[in-house]
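Below are structures written as structure tokens.
Each of the next two complexes has subunit A plus one other chain: subunit B in the first, subunit C in the second.
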Partner chain A sequence: MTHVVTDNCRGCRYTDCVASCPVACFHVNEVRVYIDPAVCIDCSACIPACPVHAIVEEFDLADDQQHWIRINAEAAQRYPVIRARLPPLDGADARRQQLGL
Partner chain B sequence: MSTHSSETLVVRGACPQDCPDTCAFLYHVEDGKLVEVTGDPDHPMTRGGLCVKLKNFAEHHYNPDRLLYPMKRVGPKGSGMFERISWDEALATIKSKWTDIIAQYGTQAIMPHAYLGHQGTLNGLTAGDAFFNRLGSTVAEKTYCESGSSTAWIMTVGPTGGMDVESLAVSKYIIVWGMNMLNTNLHGWPFVLKAKAAGAKIVVIDPVRTRTAKQADWHIRIKPGTDAALALGMMNVIISEDLYDHDYVEKYTLGFDQLKARAAEFPPERVSDITGIPVVDILTLAREYAGTQRSAIRQGVAVERSPGGGDAVRAITCLPALTGAWRYPGGGTIEMPIWEFPFKFDFMCRPDWIPPGTRVINELDLGAALTGAMPLDPPIKSLFVYNSNPVSQAPGAGTIVEGLQREDLFTVCSELFITDTAKYADILLPATMQAEQLDIMVTWGHLYMHLNQPAIAPPGECVPNVELFRRLAKTMGFTDEHWDLDDWEMLRRCYDWDAPVMKGITLETLKEKGWMRLDVGLPDERTPHATGDFKTPSGKCEFASSLAAGGNFVVPVWRSGYEAMQPGTPVDPVPNYIPSVETMMPDGASAFPINLVSPKPHAFLNTQYANEPTQQRRQGEQIIVIHPIDAGPRSIEQGSYVRVFNDRGAFEARAEVSEDVSPGLMMTNVGHWPGLNRSGTAVNSTTSTRHCNLGQAGTYSDNRVDVQRV
Partner chain C sequence: MAIPGTEGHPLRVAVVGSGPGGFYAAEALLESGLQVEIDLIERLPVPFGLVRFGVAPDHAKLKSVTTVFTQIAEDPRLRFFGNVELGRDLSAEQLGALYHAVIVATGAAGDRQLGIAGEHLAGVHAAGDFVGWYNGRPECADLEFDLQQEVAVVIGQGNVAIDVCRILASPVDVLRRTDIAAHALDALAQSRIREIHLVGRRGPVQAKFTPKELRELGTLPGWQPRVDPAALALNDASQAELVLPGFVHAPRNLDILRGFAQTPADDGRRPLHLHFHCAPVALSGATRVERIELEAQALSGEPGAQSAAPTGERLSLPAGLVLRSVGYRGTPLPGLPFDRVRGALPHRDGRLIDTGGEVLRGWYATGWIKRGPTGVIGTNRADSVDTVTSLLADLAQLDTPKAGRAGLLAQLAADCRKVVDFDGWRAIEQAEAERGRAGGKPAEKFVRVEDMLHAAAVAEAPQSRERACAR
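== the complex of A and B ==
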């Protein structure tokens, strides 16, 4: 099992999640982060840290979110590990408001 | 206590589990109900997160299967048929049974059985010691885990805390030896990552390519049970290439010449044959380890789980004194820092009450003790189980079940649930969970003291262990002052609050803050053995142990404080490589060709939480990991159901075919409840009850089996 970062992360990239992860399993690209399922230890420490509720435990994914398991696994191979917080992207707050969070 | 919002009360607590992280809890309570348990974000280890195992900890308190009232058995033994009774009836039954047994067989016909199902000062490992010592029962040696390492550590460096896990952050070379930290010490891992980000090399020594091994810079696959040979091989290289710290060795160690002679017996070629590690890797490891200062070794308990495991821990523990690693912050070795805490074991265990000459029975020999395979006079006529679940966790489960079925055995279990062991009880007593009781948590993985304060009322008629033993003492007519002390007074007497490490720590400050660090120096500066100061008889790191003269022993904390009746079997003063019995059998000498190791599960804490559906989903069913070379000829494919067996027993599991294990090696996990498995059995039906060479520890990793598709 694992945890996955879903669509809410896109365009925000609040990286509070990264600071809470004990095993450095987040990977980052220009717009968002992904979790490496081979490293994630399922502790859920990142879930409450994310201000836009982007992170979901695999078993809690809705049917229409299942594809995020594969997307996270593949993207984690492609993008570098992120170990420390980054400033949120421009427009992150706007997106957060748009999501109603 | 503080008020979080208008409705939520936040109470400080700490994790009760046998895990080195001892996390700082925040209990969130609404209308008297525990709604959530979170990690304290301000605690340097916990850092706001718990772990997968404790994810549904609040709900666990409300599990509908919880044992809430005393019960008596109404069906055949093991049928799980019980009927509610009152505490008065339960206690009266125990008294009358025990009184008869004592009259006929004496007090030693009663045997307690406990381990670390709870890790509190009042309710944990030693909760029943004072009571059973007062009763004069057989002394039970509780050596499920860590006892071999404890003896080895004390023989080599004495009861010192050693290195602080937080000091790993400033290490430059870290060897994680026999531990899957990501699964079982996850709050220690951020310090490893910090060191790595600052350029440290991370090496993992493990027979299995674990999650942790995958994260390391270098994974060294070692054959189970051969760690002593590797450590001695490293010493061989370090000494012959003159990479050791002459000054440190001369001033702060004892027995270098003897160690040198022993290491000379372990040239890299021989070590390679034994361990399965290429010669070049042995050379590189030794040179890098000795050549990089600020080197640290994080020892895991896996090292002790073989017949020569005790000497392996001794050999590994010698390494940082040989290279002088102790001189530097971030240098040395971590085994368990528990020895830093100023416990008053004499009060906690009351060994002064043990009648002289009382016998000792090791808990891992429970099956033989109950069935009569071990000749005993008097026989065991009553067993009292708390904080433990031997049918799942002890080796040789089949014999234990056979013993528990004895009609003339009176078994009492204090439990949270009707476990595979509790099923065989005559009387069941309901125990509290962590949010319902007061305690100071014992920790073996960091240097903080934690107070766990009750956040909710106990349900039904559950009582904490400390109260259980008070009630039993009164029932048995004991009138000592000990049984009139309340929990706070007991806590006050369990620690030496005036010890230097307790500077600033009082029960009052703990009440307010929840946790406090011992005054032992800061992690990035601390060098406990820069100038020796080992807690051995010589004050030095003893390569040649002076305690060896007394023979093998179990550290008294694992045996109710009892000093007498130690095993006393001869021990070589200098650590040696003692081959495993089953693993190292030449091919063809055993009918069972594969070695099986059984580390801890990911989503359960030993057996705890393994009855929670959410955790079962996270952990998955019982699996074995098997190499394609072993799977192929047996027609075992990914997902096939298999039967794992030897002459001791069998269990069924789903196969995962993977090169994470080597050919000839399989891995499964301990912790699944046998009764919830397909076969009604689990891995300990196959393990042997042989003991490790030191401290009577279990040898779960020395287990030859075969496997077939079902």
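== the complex of A and C ==
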């Protein structure tokens, strides 16, 4: 079991999740973050921290969201670890509104 | 005077308490880019606070966060001082005089009481004491829980309440492979509990447990979680709460509970009843607790601010063991202000304040003693980052020269205090792993401070192995 970052993160990248991760399992690229399933300890602290509800426990993923497990695992190998909060991306608030959140 | 944190003028900080809040405060200081000298002061000879004494033994993955804490402790700028207690070995005044800043991260170990008749009957306990008992917390090692009773009632709607239910209902062969304390394993192996009631005042939407913990109740062999479907009917305000930011776990919790409610009762399995909208009003029994009286509650108020009020309808259950988990409280620290209502230290942005609202220069708080007993392990990391951000903004006012670690060592040596450093902890950890190996457990914890000190092979305070301390 792990937690995964789904599509809502793209274009927002608020990174509030990163500050509350106890084990530095988040990785970052230009548009979003990913969780390394080998490092995540399933504490769930990141779930309420995310303003756009992008983070889901693997168990709770809908059938059409299952691909995020593989995407997170692969991207975590490719991108650097992020441990401290960054400013949200330009347009994050607009995207958040668009998502209805 | 030089601002601390600059070359040749290290910022000297004492962090009091080595649970998650303390370790993450230390980490934030180590990563600040400043010259720092951090002393992590822990009351017990062993570090990690509630990760060792709170997280349930069958949650090994969560406990593995100690790997991160160990990496923080290995930084040469940090030193661990185990078996040193604020208030016992050092006063707040002494500590404040030694360091530029003190960050209090002592947690919230006291429990809230129900305040109902019969609460002091034998068989009624704080759930936190039960947790401490099965996790080998020294203060709880001699407690006794009567598991020869058949019905246990757990009061509360958070993850601690669920942990307690799960440990009571877990197959002993599962627990045998964890680091659960031997005395608890023995008692649980003889347990006769065959019915558990989890009782809470509020509804399924307001319950504080996380879906992961709730779901686990449905995976206990031989036990069946049962919920009255009527308890899952939501009033308009609760329905509206499902999309509020503070209720992010509620929709999934509700799905899981609906799953429990829809499963037909299976008499071949022991029932674990989840009661919502029920508040305990009295406990009764001749020589020990035998029954609990509950009163039905109705929620009213605006979404996000509903409160429960009794409807007058009563329910009585047999109860041989009652464990209350209705919140933890911090305990006052000698020489520091305290907010008795919140059960926490009064603060503004992590800076301690006195009763007049004035900032106590150089004093900070993080973790449960700061914000109260809410959140999970990772919540404390964000909290500690916030507190350290406040501290770093204050550096210009913290410029009085301080003795720091050298002063602390001298003080402890003068008092012949036995101090456990991180190597001492590693010796304890290794000895615990060896003790566990025989029984196939990852560790068999020491539950006595003397045994921990013995395993750590501590002589006297470092730099003080002189005749004066030869006792």
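Quick note on the criterion: the second predicted complex is superposed on the first by the 101 of 101 C-alpha atoms of A that agree within 3 Å, B and C clash if a C-alpha of one lies under 4 Å from a C-alpha of the other, contacts with A are read in each partner's own complex, and residues count from 1 in each chain.
Basically, a residue touches a chain if its C-beta (ideal position, glycine included) is under 8 Å from a C-beta of that chain, and two chains touch if they have at least 3 such contacts.
No experiment lies behind these values; they were computed from the predicted model shown.
Trainee: One more residue to check, A:86. First (subunit B), second (subunit C), both or neither?
Mentor: Neither partner.
Trainee: Looking at the overlay, what does A:38 touch: subunit B (first), subunit C (second), both, or neither?
Mentor: A:38 contacts subunit B only, not subunit C.
Trainee: Classify the contacts of A:59 with the two partner chains as first (subunit B alone), second (subunit C alone), both, or neither.
Mentor: After superposing on A, A:59 lies in contact with both subunit B and subunit C.
Trainee: Considering only the touch criterion stated at the top, classify A:20 as touching first (subunit B), second (subunit C), both, or neither.
Mentor: both
Trainee: Going by the touch definition up top, name the partner, subunit B or subunit C, that contacts more of subunit A.
Mentor: Of subunit B and subunit C, more residues of subunit A lie in contact with C.
Trainee: Have a look at where A:94 lands relative to subunit B and subunit C in the superposition and call it first, second, both or neither.
Mentor: Neither partner.
Trainee: So which bits of subunit A does subunit B touch that subunit C touches too?
Mentor: Overlap of subunit B and subunit C footprints on subunit A: residues 20, 22-24, 41-45, 48-49, 59, 83.
Trainee: Across the complex, what residues on subunit C touch subunit A?
Mentor: Spelled out, the residues of subunit C in touch with subunit A are 20, 24, 31, 61-62, 64-65, 67-68, 210-212, 215, 245, 248-249, 252, 375-382, 385.
Trainee: Quick check: in the complex, which residue numbers of subunit A touch subunit C?
Mentor: 16, 19-24, 41-49, 51, 53, 57, 59-60, 83-85
Trainee: Which positions of subunit B touch subunit A when the two form their complex?
Mentor: Answer in residue numbers: 38-39, 47-52, 55, 182-183, 186-187, 189-190, 193, 197, 211, 214-215, 602-603, 617-618, 620.
Trainee: Spell out the residues on subunit A that touch subunit B in their complex, using ranges where they run on.
Mentor: Residues 1, 20, 22-24, 38-39, 41-45, 48-49, 59, 83 of subunit A touch subunit B in their complex.
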